[in-house]
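Each structure below appears as structure tokens.
Note that subunit A is present in both complexes that follow, paired respectively with subunit B and with subunit C.
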Partner chain A sequence: MSAPVLWILIPAGVGLVLALFSGSPRFTFTFALVLAFLLAWAALLLPIDQPLAVGGFAFKLTPTFFFLGRSLDLTVSDQPLLLGVWGLVFLWLAGGLFAQPPRLFAPAVLVAVALLTAALAVTPFLYAALLFELTAMLFVPLLAPQGRGSRGVLRMLAFMTIGMTFILFVGWMLEGAAASPGIPVLTLRAGVLLGLGFAFLMAVFPFHSWVPMLMEGADLYSAAFLLFMLPGAVALFGLELVDRFVWLRQSPTLFTLLLAGGAIMVLVGGLLAGLERRLDRQLGFAILLETGMSMLAVAVLQSTGLALFFALLLPRGISLLVWAASLANLSQQPRVDLSLAGVKGLAGRYALRFAAILMAIFSLAGLPLLSGFPFRMLLIQNLAVDSPWVAGAVLLGNFGLMASGLRIIASIVSEAPRPDLSVAVTGDELERARTPDFPAWLFISVAGAGSLVVGLFPQWFWPLFDRLPAIFTQLGH
Partner chain B sequence: MSLAFLSLPALAVVLVSSVFILGSSSWRLRLIALGLQYIAVTLLVSFSWPLPLAAVKLVAGWMAGGVLGISRGRSRMPLEQARWPAEWMFRLLATVLVFLAVASLVPQVVAALPQMSVMQAWGGLSLVGMGLLSLGFSQRTFASLLGLLTFLSGFEILYAVVEESTLVAGLLAFVNLGIALSGSYLMDQETEEGTA
Partner chain C sequence: MLLILAILLLLATPLTVIGLRRVRARVGAQWLMAALGALLALASVWLLRPRLPLTLTLLDWSANSPFLESPALLADLFSWPFALAIATLALAVILTGVGRLEDLESGAWTGSLAVSALGILAVLAGNPLTLVLAWTALDILELVMLLTRVDDPSRRRSVVVYFSTNLLGTFLVLFADAQARALGEPLTFASIPAAVSPYHFLAAGLRLGVLPLHLPFVREPDLRRGFGTVLRLVSPAASLTLLARAAAGGIPLAVEWPVILLLALAALYAAIAWLRVPDELVGRPFWILGFSALAFASALYGAENAVLSWSLAGLFSGSTLFLSARPGRSRLIIGIFSAIVFLGLPYTPMHAGLRLYLRFNGLHIPFLVAHALLAVGYIRFLLRPPDPPEARPERWIRAVYPAGLLLLFASHWAATFPQLTLPAPLWATLVILVLVLVLGGLGRRRISVPAPLFTVLDRVFSFRWLATVLEWALQLISRAAAIANRLLEGEGGILWALVLLVFLITLLRQFGGGG
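And then the complex of A and B:
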């Protein structure tokens, strides 16, 4: 048995089989949850490339799987990342029980995470671009159920395809530039194409328009999951390239561009979130802001190391999960329109959901005590030393995100509009209003407690973040 | 048997079909143009790849066109028509601009990649430019998908010069089909009022 078989082929195969059982969403979700838990547990306890004896049975997880002259490599240094990934997948699947995404969500998540893991594990690395494209295409039926959101989906598909072509082409150029790093024209061409490719794949300004468009029309929970996992995997792929090629690692231009690009993303994402009137589009802009924060974390890696980049992923994963699940559940409630005008006076009726959404927003904005605060503080402190203007832009962007939360509060506590008496309240609506909302209570309590724990005791989680950079041979040391 | 004598006709088909896809309002004629385009793309790719490998592009392209044709035929969406004369003139000028840009880029690309022929550079860059133009002009799913497939065809001509891997060829064919299937799903979901 090899590690890629366990963490790539098995979840992909199970996901494809579960798709045949999509008519029973409870079964597919439960099975996927159990599998995610087992894979996370295996990442924690089963060492790769070391003999293991269970009873009288001895086996070893080999790190490499060969196919058609290519290989998938997962070594022992990748195990903390696998633990983190499958742990987050478990949480997102659990959140899906509350958010009620389309029936194919659980199978698609398994296949998507397998594809993204394969993208990071494959040699030669250029196949990663193709795997990213396939992951995006896999989610199309989930993102546009019943035709909603097809504009955003189409634009996403176009930008992913364009980005894929840049990365494929530059994969060939990078080898040439590495062989001849003294030729500035070669490295400049490769650098420009690489930057454009990543800009398209990660929705970096000005190629970001599809993100809020996607959030407005598509299934919220599926879109949020894709926009959390895919840019994260692309960022890790980018770090692999920086780790592999000396001329990239030693290029001051790269880090300057990451600094500038990250600052613009945070500023644009935060300010537009603050000005946006739709709650679903606010989530899209918050995702852009988070992409910018990741870029900034990489820009300062020479002073902080890569641990901060990984540390930002945990509060992001929890907050986006809570925000998307609560918003998705809210959008399914009767007569709820996800605009600021549409949620006027709803604080009393949907207090739990709005509490969860606001907690997620303020956590991402870096409010103290919540999960986002300690790591954002560390990042801004490091930015302020060498780039005070960038630190200022980051603060402004985060204030913009916070303002979006304050606008939601102002809207939901304001006086509700007079009910339209011509539309009768149905028996279902009355029944739902009377039924205690136990799943919401459970989900939001656990998520809220988790966010507070991470915010109050970040030192408990730092050892994991400190181990993650070891997946890179140069950047991790 | 060398097919080099077909390079100029292939280029002509590529240029004419890409302009036709941008300008025509008949979805059937656009699909026929796409089909002819894939033949020309296959010929241009065959100057760098063995012909059986290049034929994968033709098969995948025609399958993608077939999928789009079936979905478009079932769709009740009205035709997307450019307004005369303003929009037609604008599209014509944009097309001329793309070809002028390609003309200025071709010598640099051929100098950077000596293994690429002038015809391949012209064909690839033209399709990339026209594909992006189609993507930018299109409001409807079908037209956007044609633009995306055109863009991808252009890229595949250029990429075939630097990469000869069978697996990459297969995966790119898979991507073409995936785009067509995704687009087919989106078109099936479209309502008569327009995209959702």
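And then the complex of A and C:
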């Protein structure tokens, strides 16, 4: 058996089959959870391209799988990444039990992650752009159930398609530029078009408008999952290009643009989150800020290496999961509107959910003690060496995001529960709201404890991130 | 290990007390456990004294990772007196609690001990990283405790504002760290570059409410006397320790006088307001603001000993006054001695505070007046008839209660012992004494700032108008952002995005030299 079959075709196939059972969400979630766990476990224990014996059965996971004349390659150096991805998928699926996303969520997640893995494994690399587009299209039925939030979805599809076109168009130009690096005009054009393509795919400012639009209208949990996975995969694809093309890798302009773009994204995302009045859109702006942080982590890779880029992903994945799950759950509560005015006085009624949301926001904003802090601090310290004002901008953007959390606190505690709601909500409803079921309580408690552990003991986790850059032959060393 | 013992004891004791409460142990047993824990914590702080300076790495972040610093503790002549102040306050609150029925509740003791533990962690922080971690832990604990105890929605909003300004202070310390990296100097408390110390001043000023002047708690939250004192004094102590350390760096001369002027206004405003409030608990925020402004001014002149002196006087003398609610001769005697200490007489703990006036100029006059007003107010509240006793106390209460106050007084002397003989301008002591007598005399003749005039002064100098202006500006920015969002998310959003992109490219080309 080959590794791509195990980590790409099997989850994609299982996802498609599970879609037929979407009428039983408990079954599909359980099945998907078990599969995600097994795939993570396999990434940890089954080395690729080495003979293995399980019981009396001997086999080898070959790294390449050929498909319609194209190849999918997963090598042993990809295994830490596969472990991280499937580990996070497991957590997101577990969070789905609390967030109650649409029934097709679990199957769609399996197929989407398989597609994104394929995008990073496919040769020729141009096909990656198509696979990104396919992933976005796959989520359309989840994002806009009964046409809700269709404006954001349409905008997302439009931007994804434009981005994909740029990437495809630039593909052959890049090959040409690689063949004849002495032609600066060619490489400049290819670079500009590539930059535009990535800007559209990753919702880089000013092409970011679809992200808050999507968060406002679409299913929150599905949108958050897509917006965590897709930009992450696109960023890895971008790094692969930088790794592959020496003229990109040695271009100082690229790193200057990443620095400027990252700083703008962090500032725009953070400040707009702080000024935003809707809780779901705040999440969208936080995702923009996170994209900026990733860009900055790549911009300083010459001093820190790529480990920092990966280190930022773990707290991001967990915080976005907790934030989106709690917010999605909150939006399903009786008569709750996800605006600052709509959550006034609700601190007592939904204390646990708000605690989880606030913990996630503060963690993403780099509040000391929480998981986001140590790695952000490291990034800011490295940025400060060459560009102290970018470091200042990052701190300001992060404080903007923190302000969004502070505004939520001010809203939920500032007024007594609205009298009309107190009357309208029945005693049973109130009791249910105050005491979330055990899995929810467990999920939030574990996430909180996990955030504290990463925040206080980052040195335990660093060796995990230190192994991940090995997936790149040039950048990893 | 000794360095962290007090913190561990203060954290473990509340857990034990909660355990006792769970098994329905008598309140007396719970109190005894709390007092024992606090006493042991105080003893462990005392054990540090002959071993100073001491350092301890709490968590080794640099192992197998690129982190340059690790959370660490440092006990030296700057931090130890603050640790002693907090440990003493924790014990004093529990000891004097027996004299106040409202404080005979284990929830207040456990809260006091936990806050004190985090306070000691903050003052013993060995580097800025540890300081921001400890500040955040303290801020979150304070936020939760205040929000769960304050019912009035407007006061809850004040709590959130207070938390926000504290967080802003924390971010400023992180910014200072980034600036130090830019200068190629990792930021430690051993050497704070002069270019970085202004950020530390601003961070401490924000947390103390001094710079820019702001008072989130113009009306104090309804907290018990003992617990409220711990909650309101420990957080400033955690910020004052940064001031003491940053003092060596000073401030650029170009901004020195405007900052001093702002501090003088803050000190005067706080001192006048302190004199006008009906009782010491209502006046607590003004007391904190007043002595913090004086400590801050000392820090700007690089007078580290004066910072320490003002800070400790504010903490110890303030605690003595705030915790003394029961009538009795012992209260009056200890209180009068505390008041005398606050005057800054030679060979008393506060005398070194007058080193603020070593480089005397006209801008120092408001500080002298503020000092005198704070002292007059202190004496006035001391002579005020105390709360009527609920019942005749038992004999052991009559012994334990003053012991708590005496402990504060004695610890004040012990904490400042090495600097009792530091020279300071004697003329300043005389001026303070004369001012206290004059202002006290005016007060007795009921001559004070007329209410309408004070209202006007209060409006101008409380800087609440600044908060209103800021709020208005924020609303304006918020509206502009909403309009921009609407444009980008509207039908013509893609076109607007392209226009913005062209604008950005033009800007980048401009700043990038057209390359």
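Operating definition for what follows: the second predicted complex is superposed on the first by the 459 of 477 C-alpha atoms of A that agree within 3 Å, B and C clash if a C-alpha of one lies under 4 Å from a C-alpha of the other, contacts with A are read in each partner's own complex, and residues count from 1 in each chain.
In this section, a residue touches a chain if its C-beta (ideal position, glycine included) is under 8 Å from a C-beta of that chain, and two chains touch if they have at least 3 such contacts.
What you see is a predicted model, and the numbers here were worked out from it, not measured in a lab.
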Fit or clash between subunit C and subunit B when superposed on subunit A: fit
Which of subunit B and subunit C A:I357 touches, first, second, both or neither: neither
First, second, both or neither for A:P374, with subunit B first and subunit C second: second
First, second, both or neither for A:L279, with subunit B first and subunit C second: neither
Subunit A residues touched - subunit C or subunit B, whichever exceeds: C
Three-chain overlay, vertex subunit A: subunit B-subunit C angle, C-alpha, nearest 10 degrees: 130
Touching partner for A:A158 - first (subunit B), second (subunit C), both, neither: both
Touching partner for A:I409 - first (subunit B), second (subunit C), both, neither: second
Which of subunit B and subunit C A:V300 touches, first, second, both or neither: neither
Lowest inter-chain C-alpha distance for subunit C and subunit B in the superposed arrangement, angstrom: 5
Common interface residues of subunit A - those touching subunit B in one complex and subunit C in the other: 151, 158
Contact set on subunit A toward subunit C in their complex: 151, 155, 158, 205-209, 212-213, 253, 256-257, 260, 264, 271-272, 275, 304, 307-308, 347, 367-369, 374, 377-378, 380-385, 388, 391-392, 395, 398-399, 402-403, 406, 409-410, 413-416, 456-459, 462-463, 466
Residue ranges of subunit A in contact with subunit B within the complex: 68-70, 126-127, 130, 133-134, 137, 140-141, 144-151, 153-154, 157-158, 161-162, 164-165, 168-169, 172, 189, 217
Complex interface listing, subunit C residues touching subunit A: 59-68, 129, 132-133, 135-137, 140, 143, 147, 153, 156-157, 159-160, 163-164, 167-168, 170-171, 174-175, 177-179, 181-182, 184, 474, 477-478, 481-482, 485, 488-489, 493-494, 496-497, 500-501, 504, 508, 512, 515
Residue ranges of subunit B in contact with subunit A within the complex: 112, 132, 135, 141, 144-145, 148, 151-152, 155, 158-159, 162-163, 167-168, 171-172, 174-175, 178-179, 181-183, 185-186, 189-191, 195-196
